[in-house]
Amino acid sequence: MSDFLTTFLALLLALLLAPYLQARTDSVAKFIGGFKFVQHNGIILSLYLVGAVGIWMIGMIILPQLYMLDFSFRFNLPPMEIGGPDDVYTLKNYEYLIFGSPGSPDAFNFLHLTIFGKTILAAIFVTLINFAICYPIAYYMAQVAKGGSARLLVLCLILPFWVNEILRAFAFRILFGSGGVINELLIGAGIIDQPYDFIRADIALYSGLSYAYILLMIFPLYNAIESLDHNQVEAARDLGSPWWRIHFRVVMPYAKPGIASGCTMVFMLTAGALAAPQILGGPSSLWFTQIIYQWFNTGGNWPQGSAYAFVLLLACLVFVLAVMRIFKVSLGEIAK
Amino acid sequence: MTSESVMRLMVRFYIFLFFLYLFGPLLMMGASAFNDAGYPQVVPWQGFTWKWFGELAQDQKLVDGVVNSLWIGLGVVCVSVPIGLAAATLMMQVHQRFRTAYYTIVVSPVLVPGVILGLSTLIFWDRLGTRMDADYESFYYNGIFLTVIGQSTFISAYTMLVFIARIQRFDRTQEEAALDLGATHVQVFWKVLIPFLRPAIFSAAVLAFLTSFENYNTTVFTIQSESTLTTALASKVRLGTTPALSALAVVIVCVTVVGAVVHEILRRREAAKEAAAQEAAKRADNAKDMAMVAQTAT
Amino acid sequence: MSADVQLDHVYIRFGDFLAVDDANLQINEGEFFSFLGPSGCGKTTILRAVSGFLEPTQGEVRIGGQNMRGIGPNKRPTALIFQNLALFPLMSVADNIAFGLEVRGISKFERRKRADELLELIALQGQGDKMVSELSGGQRQRVAIARALAVEPDVLLLDEPLSALDLKLRQHMRTELRSIQQRVGITFIYITHDQGEALTMSDRVAVMSAGIIQQIAPGETIYDEPETAFVASFVGENNPFFGKVTQADSDFAVINSDVGPLRGRNTKGLEVGDNAILFVRPQALSFAEGAPDNTTSFEAAIKATEFEGHFQTVFLHGSGHKDIAMSITNDGTPAAHGPGSTVRLAYSPDKAVVLPQGAMADE
């Protein structure tokens, strides 16, 4: 009985409101249509533009990150219990990173914390090495080489990077392996008589990582240095400045945005690298990303992995902001 | 020996070392593909052989991986090119004030570590699937689908950049002319804008495909139980190394080099054609105009 | 088919800037109507408002009696020829011309036929398959016109179409455009900053300055009977003399300029005490010797003479005044007076006009 009454009243209400709603929708349509944007693009195109970008921004960029963040604050529940009474927020995952499991004798989760610290420090280290290696080449290409040979150099640089990063890491594994060329050379030259375990010593890993992102350091540097008016260098030299001072006082300050861009990219890619550590890392080295991978893979604890991932993201963010502050550049200049 | 020439010598030496560092490992890996030894190595050389290439072709896991990589690449092109185009077009129309914020959000996936993109995509769709009470076999959990989505998240930013560069050179009055002649907005888009963007669409598609094909960090999370070429390769490398993998590297390099050479030849031919046409037009210009004026003046 | 165009109290504002200030006019069916004025005067804005690319802030634009508010450029019965032509570089000439038909869904066969007809009209028969980049400037101009005519608009709008062409070609195209318009019979609205074009081609001209329409009249009237100081100074060469009105009646007025009292026609009904400018054209001035009695005369010193072909321009000082220019036909007799000499000049008062003080055209 009450159902019937409710339905009847609802229908009556709808009928009474109909003309008012009709007028409203007309004006809403006019309002949307009046938007300069829709006028400029037509309705179909507007839907496409807003739809495509909306799906991308919201569905692929923003929401997944938010979900990951949200997930990192939850318990690792089997599918049945999700949405149930046990599905509440918790700091447990983050606590685990710092303090370790409740049953362990240590006060802090030294293992994971040191790995995190090592990863970040190693990434900074690799970034610096990378910069040191690439700067001379970038400078040479930008200021010294003539047109034709500069293009040739560019081509030569790009060539190795057509090979997949996995295979590149693989090449380094062959190179540094106990039967690899370097060991053979060293033994042949009599410097050592037993093959040296480069892999265990992390040398293979760091070389491989420095190698991997050379392109991403060279090109921002090259672009930045290229626009420097060579006359400034000439002038400095003319005034009697030694070459190292020319670089530190004239070229590098000018190329700051390029340096910032290159260092940021290399740091983030190194800290977030997965293939190289997996292939070139010895048993004692573990990269933070590898731990994350384990949580998702064999460890079966996605929330835990999310928490760790978020910490990594924060570290990258802090780095970018620090670089922006130290070098006094804006985000637009960094993003290529 | 002046300090100048010593300096120059050192610079040359440095460049030599640098490129040795760059090419050395790869050359050796390439050489090891032909070495008849059980382990990829160059010394000791145990005889030239093609057998590793044969073994490569028979490796089922790698072949499956390649097939998946191709499908995923195709999927990524179909998703990221339209999105990149929309994002570029929209960017041109966004109010000045919002442009930096827009750009920051849109470029952020490029800066975020790939692993995070991969796992956040995984988590998002997994939870969405649970909420929808979806079947285990459905697309919410499908490795191929998730990989396409995960990769497109950052590849769309790349395609967008390609389109922005091209769109900036577009003459807006052509759009207005087309509208003025009676075209609807959709017609203007298809008949005027897209033909102009064709080279950019092609570049973007190629860029998207190649970037997708060689991606590892994001893929390794989203692909789950399936594999792409890169993930299959990585697991093989970790488990045990054979020269068959070196052979694969050689194949990939050859394909890329051939592709690049073909591309360069085509590009040069196009440029030459265009230059010739413009020359002809310029020469004809004055002559025709003067002829016409003279003709009607008589 | 053709239509008339009406602007009814049209104001167009961009933020604080008033680009068009109360435009009111009626352009008749089949008329060749020009808007003439310096850059920034608002003529392009009006054109865009008529073609539909912007809406007036206030007022109505009516084509064929129908209010065009809210109707986009693709739905209006107008076609616009852009200053840069905006031909589609990736399409052939024939495809460019037939574009308007293509988007209306007309069949390929029909389109080809129509394109061929138009190619004949613009004297480019058989060139339909060429690409736009292979054509000369003059040819491209004509393709743009053909493309616009293909959609059979009621009104054809032309935005300074000849400004990119060189002199001889421009003159040739002027006659071409006029003859095309007369053949096809549609309303042409033409905007330009070149007076020669506007005056020779149009049925009527609207002179604009700073968003305000100064005068609308056929070319001859604009030249002989300017209504404002701007029109008088912008169209053709004219000598301004500033002063206050000392005498005035319904036909003539006298002002006290710095070369003495000067007399001219009082077309705007000025009264004694009004600030005014008297304008007399260089060709109306002559040396006072042998001039009839009812002329007005004044003294001035010759600065320089310039030879211009079939006439000479003599530049003179008025006292504390900018150059006066006088034009004498070069009939072969040697110059009667040289630089430095003071002469007496004369003109007939009905060749001069006294107008209210107002902004003049910049040099």
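First chain written, first letter: the chains are A, B and C, and each begins at residue 1.
Methods note: a contact is a pair of C-beta atoms (placed from the backbone, for glycine too) under 8 Å apart; a residue touches a chain by one contact, two chains touch by 3 or more.
This structure is a prediction, so every number in the text was calculated from the model and none was measured.
Novice: If I average the C-alpha coordinates per chain and also across every protein chain shown, which chain's average lies closest to the global one?
Specialist: B
Novice: Write out the two chains that share the greatest number of C-beta pairs in contact.
Specialist: Chains joined by the most C-beta contact pairs: A-B.
Novice: Can you work out the whole-Å distance between the CA centroids of subunit A and subunit C?
Specialist: Taking the mean C-alpha position of each chain, the two centres sit 62 Å apart.
Novice: Roughly how many whole angstrom separate the Cα centroids of subunit A and subunit B?
Specialist: Comparing mean C-alpha positions, subunit B is 18 Å from subunit A.
Novice: Between subunit B and subunit C, what distance separates the C-alpha centroids? Give it in angstrom.
Specialist: 55
Novice: Hey, what residues on subunit C touch two or more of the other chains?
Specialist: Touching at least two other chains: 72.
Novice: Hey, what residues on subunit A touch two or more of the other chains?
Specialist: Correct list: empty.
Novice: Scan subunit B for residues touching two or more other chains and write them down.
Specialist: Each of 184 in subunit B touches at least two other chains.
Novice: How about subunit A: which of its residues touch subunit B in the complex?
Specialist: Residues 37, 40-42, 44-45, 48-53, 55-57, 60-65, 67-68, 71, 79, 82-83, 133, 136-137, 140, 144, 156-157, 159-160, 162-175, 177, 179-181, 184, 211, 214, 243, 264-265, 268-269, 271-275, 278-279, 289, 292-293, 296, 302, 305-306, 309, 312-313, 316, 320, 331-332, 335-336.
Novice: For the complex, give me every residue of subunit B touching subunit A.
Specialist: 7, 11, 14-15, 18-19, 21-26, 28-29, 32, 39-43, 82-83, 85-87, 89-90, 93, 100, 103-117, 119-124, 126-127, 130-131, 149, 152-153, 156, 161, 184-186, 189, 214, 216-217, 220-221, 229-230, 233-234, 237-238, 241, 245-246, 248-249, 252-253, 256-257, 260
Novice: Residues of subunit B touching subunit C in their complex?
Specialist: Of all residues in subunit B, those touching subunit C are 171, 173-174, 176-184, 187, 191-192, 195-196, 277-278, 280-281, 284-289, 292-293, 296-297.
Novice: Can you list the residues on subunit C that touch subunit B in the complex?
Specialist: 51-53, 72-75, 78-80, 82, 84, 86-88, 90, 99-100, 102-104, 123, 131, 133-139, 147-148, 151, 168-169, 172
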